[in-house]
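Which chain is which? They are A, B and C, in the order written, and residues in each are numbered from 1.
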Amino acid sequence: MMPASITDDFSGALDFIFHQRDAVSGGVRVGGATLLPLLETHIRVTVISMFIACALAIPFALWLGHRGKGQFAAASAANVGRAVPSIAVLVFFSAYLGLGDTNLIFAMVLLAIPPIFTNTYVGIRQVDRDAVDAARGVGMSGPQIVRRVELPLALPLIFGGMRTSTVNVIATATLGPLVGVLTLGDAIINASVYGPEGRLAGAILVAVLAVTAEVAFALLQRAATPRGLKVVRAPRFRAASRTTTVPSVTSAP
Amino acid sequence: MRFRSILALIGAALVTVAFAACGSSDKKDTTSTAAANAAPGSTGKLIVANPDNASKGPITIGSKNFTEEFILGEIYAQSLQAAGYKVKKQLNLGSEQIAYKALKGGQVDAYPEYTGTALTSFYGVKPDAVPKDPQQAFEQVKTFAAKDQITALPPTPFTDSNGFAMTSAKAKELGITKLSDLKGKSEKLILSGSPECRQRTDCKLGLEKTYGLKFKSYLPVDLAKRHSVLTDGQADVSVVFTTDGQIKADNLALLEDDLKFLPPYNVTLLTRDQTIAAAGPDMAQTIEKVQTGLTTPVMQELNSRVDLDKQTPAAVATQYLKESGYVK
Amino acid sequence: MMGLLAAVTIRTRTATCETQNGFCPDWIAKHWTDYLDPMWQHLQLVVVSVAFGFVIGFTLGVMAHRRRWLVGPITGFTGVLYTIPSIALFTLLLPITGFGFRTAVIALTSYTLLIIFRNVVTGLANVPADALEAGRGMGLTQRQRLWRVEVPLALPEIYAGLRIATTTTVGLAALAFFAGAGGLGAQLMTDINFKSNIVLAGGLCVVLAVVLDLVLLGAERLTVRWEFVGR
C-alpha cells in the first residue's frame, strides 16, 4: 500500500461528504446532502434509545443504591453486558419485533441500560455515608436524601454511564441498515453503491458523531461535578466511570 | 515477588492456549475425506486425483457471504481437493467489492461471481447495458477480467437472477402474476430488498423506471430476511433470487419480468491468471466438470438444504458431489 | 444434461423446527462443533489483541507514572481511540492495512489501551507512601522499587483492567467480520434468521468471555495470595 494512495482514499472520502456524485452502480446520486437523512436517522434513534434507557435504568438504580441492595446485579450487568455482541441482540429480537425503528431502538435500549444502571448504582453507593448520616441528622426524609444529597453527588458518575451508553448506541445504530433502518451505516455496509470512498466517508461521519457525543458528555460531567466537594471524586480519567466494575470500584481511591 | 506475578500471568496465558487448542483439534475436515475417496483410474464423472497436483502450491478458494456462494465455494474447493490439489478456503469474504479486492490482491486465488454483478460492479457496465443472453454476458466478463489478469472460467448452467416475489395469497388476491400487473397497485405496496437495491438500476430503480411504478415505501433489510419479510407481512413485494428454495417452501409467487429488464446472472469462477498457470489444466477441467450438474432446480435444492434444513454448506457440497457421482 | 440432473434428489419438505428458523436443541447438539473453528478465530483475535494492548498499555502506564504530565495527553489519545465505533475503525483501517486478521487486531488492540493504561496508572498511584518509603529505606533503586514494590501492589488494579479489556474485546470481536477477520460474528451472520444460530453464536461469545474472565480471576487470586504470604 502506497502512502499516496491512502491520502487519496481519505481526501476522496472527504470530497464524498461535501459533494454529491453518481453512485458506483449508476442511476442515483450519493454523497453530500444525500447523507443528511442518514445522519438525521442515526441521531434520532440514538436520542430516543438513550431517553428510554435513562428513564428505565436511573430510577431503578437510585432506588437499589439508596437501599444498598443489588451489588451482585450491578456487577453482573456490567460484566455480562460487555460480552454480549450487539449484532446478536439486534438480529435476535428482529425475529419477534420485526424490522424497523422499534426493533432497533429496543435492542439499543437493552445495550444502553447496563452502563447507566451500574454507574448510577455505584455513584450512589460511593456517596460518603457521613454525608448521608448528616442529612438524616438534620431531619431529611429518604426521598429528600436521594434528591438533595445522593443524586447531586452521584451525578458525575451517572453522566459517565450515559456517556458510555451513548457512544455504544451510536456504534450499534451503524448496524441499522441490516434490520431495516437507514443510518450512516448504509454508506459503510452498502459499498457497491457508495463505493470505497463513500464507505470511508460513512466511517468518518460515524467516528465524528461518536467523538462529538463523547466530548459533550465530558463537558456535562465536568459541569456536574460539585465544586469544593471532595467526597465524590469526579473521574479524573474519563474511563474511570465507563469501565466501572465492582472489582475496580472497590479498589479505586 | 515479581517473578511470581509474571509466572501467574504466564500460567493464565497457558490455560487460555490449552483451552483454545482443544477447540481447534475438534474441527472437522470434511474435505480430506472427499480427497481420500477419489479413486484414481476411473473414468467419466468421477474426479480423479492427479498425484502431480499435490506438489503445487495451495489454491485458496474464496466466496461472498451468502448461502449460494458458500455452497459453490465448497463445491469448487472439495472438487479441487479431490483432483489432488492442496486447497485452502476463505469463504465468507463479504460483499463483491471485498471479494474482488481479495482476488486482485492475491489473498484468494478464485471465487465464484455472478456475470451480471461482475459487469456492473467491477467493470462499469450500466445494469441496463448488461446483455440478456447469458453466454454474451459471460464473454464480456471474460474480456474485462483479462485486463485485471483474471480468467473467468466457463459459466454454470443455472441462472440466478434477481426476481420480485409476493406471497401467493397476496398475488392471487390482487391478481398479479407479472411485474407489469403491479401498475396502479404498487402505490399501496411496500417493497423490500437489500439496502443497496433501492439505489441500483438492476433492482428497485430499474423496476420503477421500466414498469413506471411507485411503491408506498421501501424496507431495506439484510439479504437473509428476503423471504421472512413477506411471510411475516412486513412487506408486500420482496427481491429474491430465482434459485431460492424458499420460493417453493414458503409458497411465494415469483412475478414474471415481462419487459425483461433483469439481466441473467450465471456464475463464473473468477481465477487469477497466475493460479491457472501454476495449477495446470486439471483445475479448469475439474471446475467445468463439477458444475455441469448445477442446473437451476439442483441449485434450488442445494440452497434449500442449507437455508431450510440448516445443514452446513460443506455437508451439502459433499452430498452434491457424492450424489452426482463426482466423488465416491 | 437431464441425465446428470437425476443425480441430486429433490426433496419434499414439511415444516420442522429448522425450516421454521426456531430454537432447536437437536440441531444445536448436532452442529455446535461447527462453531469451534469460528470460536477459535474469535479467541485468537481476543488473546492477541489483549496481549498487545497489555504490553503497550502497561509500558505507557509505567512511563506516565514517572512523568505525570503524560497522563493527560495519553488518556486523551487512547480515549479518542476508544470512542470511535468499531465498525468505523475497521473501515477506516481498510485503505491502510487491508482486510484481514491484522486490521481487526489493530482496531481491537486500540480499544484495550485506555482501559489497561488507566488501571495501571491508578494502580501505581495508589501504592501507599510508607511501602515506597520502606523500599527506599532498604536501598532499592528506582527500577527495583517499581518491580518489587509498586507493580506487585498495583496488581489488583492491573488485573481489573485486564479483565474489563478482555470481556469488552470478546464483545467487540463479534464485529470483526467487517474487517474480514471471521470469528463468531461472521458465523452469526451466515444465517441471521435462524434463532438456534443466533443464540449459539451469541451464547458462545458470552461463554468465551466468562471463561477468560475466570482464567484471569484465577491468575489474580494466585498472584495476590502470594503477595500476602510474601508480605
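Note that a residue touches a chain if its C-beta (ideal position, glycine included) is under 8 Å from a C-beta of that chain, and two chains touch if they have at least 3 such contacts.
Everything numeric in this text was worked out from a predicted model, so none of it was measured.
*Asks:* Within the chain touch network, how many edges lie on the shortest path between chain B and chain C?
*Replies:* Minimum step count, chain B to chain C: 1.
*Asks:* Could you tell me which chain's Cα centre is nearest to the average position of every protein Cα atom shown?
*Replies:* If one averages C-alpha positions chain by chain, the most central is C.
*Asks:* A-B versus A-C: which has more C-beta pairs touching?
*Replies:* A-C
*Asks:* Taking each chain's centre as the mean of its C-alpha atoms, give the chain farthest from chain C.
*Replies:* It is B.
*Asks:* Whole-Å distance, chain B centre to chain C centre, using C-alpha means?
*Replies:* 32
*Asks:* Just how far, in Å, is the C-alpha centre of chain C from the one of chain A?
*Replies:* 20
*Asks:* If you average the Cα atoms of chain A and of chain B to get two centres, how far apart are those centres in Å?
*Replies:* Distance between chain centres, rounded to whole Å: 37 Å.
*Asks:* Going through chain B residue by residue, note those that touch at least 2 other chains and give them in order.
*Replies:* 98, 222, 225
*Asks:* In chain A, which residues are in touch with two or more of the other chains?
*Replies:* As it turns out, chain A has residues touching two or more other chains at 94, 178, 196.
*Asks:* Counting only residues that touch at least two other chains, what does the list for chain C look like?
*Replies:* As it turns out, chain C has residues touching two or more other chains at 21, 98, 178, 189, 192-193.
*Asks:* Which positions of chain B touch chain A when the two form their complex?
*Replies:* 95-98, 120-121, 126-127, 194-196, 199-202, 205-206, 219-222, 225, 229, 232, 234
*Asks:* Taking the complex as given, what residues does chain A use to touch chain C?
*Replies:* For this pair, the touching residues of chain A are 1, 5-6, 9-10, 79-80, 82-89, 91-92, 94-95, 167, 170-171, 174-175, 178, 185, 188, 196, 199-200, 202-204, 206-207, 210-211, 214, 237-240, 243, 245, 247-248, 251-253.
*Asks:* For chain B, which residues are in contact with chain C within the complex?
*Replies:* For this pair, the touching residues of chain B are 1-2, 4-5, 8-9, 11-13, 15-17, 19-20, 23-24, 26-28, 45, 65, 70, 92-94, 98, 101-102, 105, 107, 157, 222, 224-225, 228, 249, 292-293, 295, 297-298, 301-302, 304-305, 307-310, 312, 319-320, 323-325.
*Asks:* List the residues on chain C that touch chain B in their complex, please.
*Replies:* 1, 4-5, 7-11, 13, 16, 18-19, 21, 24, 27, 31, 33-34, 36-37, 39-40, 43-44, 47, 51, 98-100, 147-148, 151-152, 155, 177-178, 180, 182, 186, 189-194, 196-197, 211-212, 215-216, 218-220, 222-223, 226-227, 230
*Asks:* Across the complex, what residues on chain C touch chain A?
*Replies:* Contact set of chain C toward chain A: 21, 71, 75, 79-80, 82-89, 91-92, 94-98, 114-115, 118-119, 121-122, 125-126, 156-157, 159-161, 163-164, 167-168, 170-171, 174-175, 178, 184-185, 188-189, 192-193, 195, 198-199, 201-202, 205-206, 208-210, 213.
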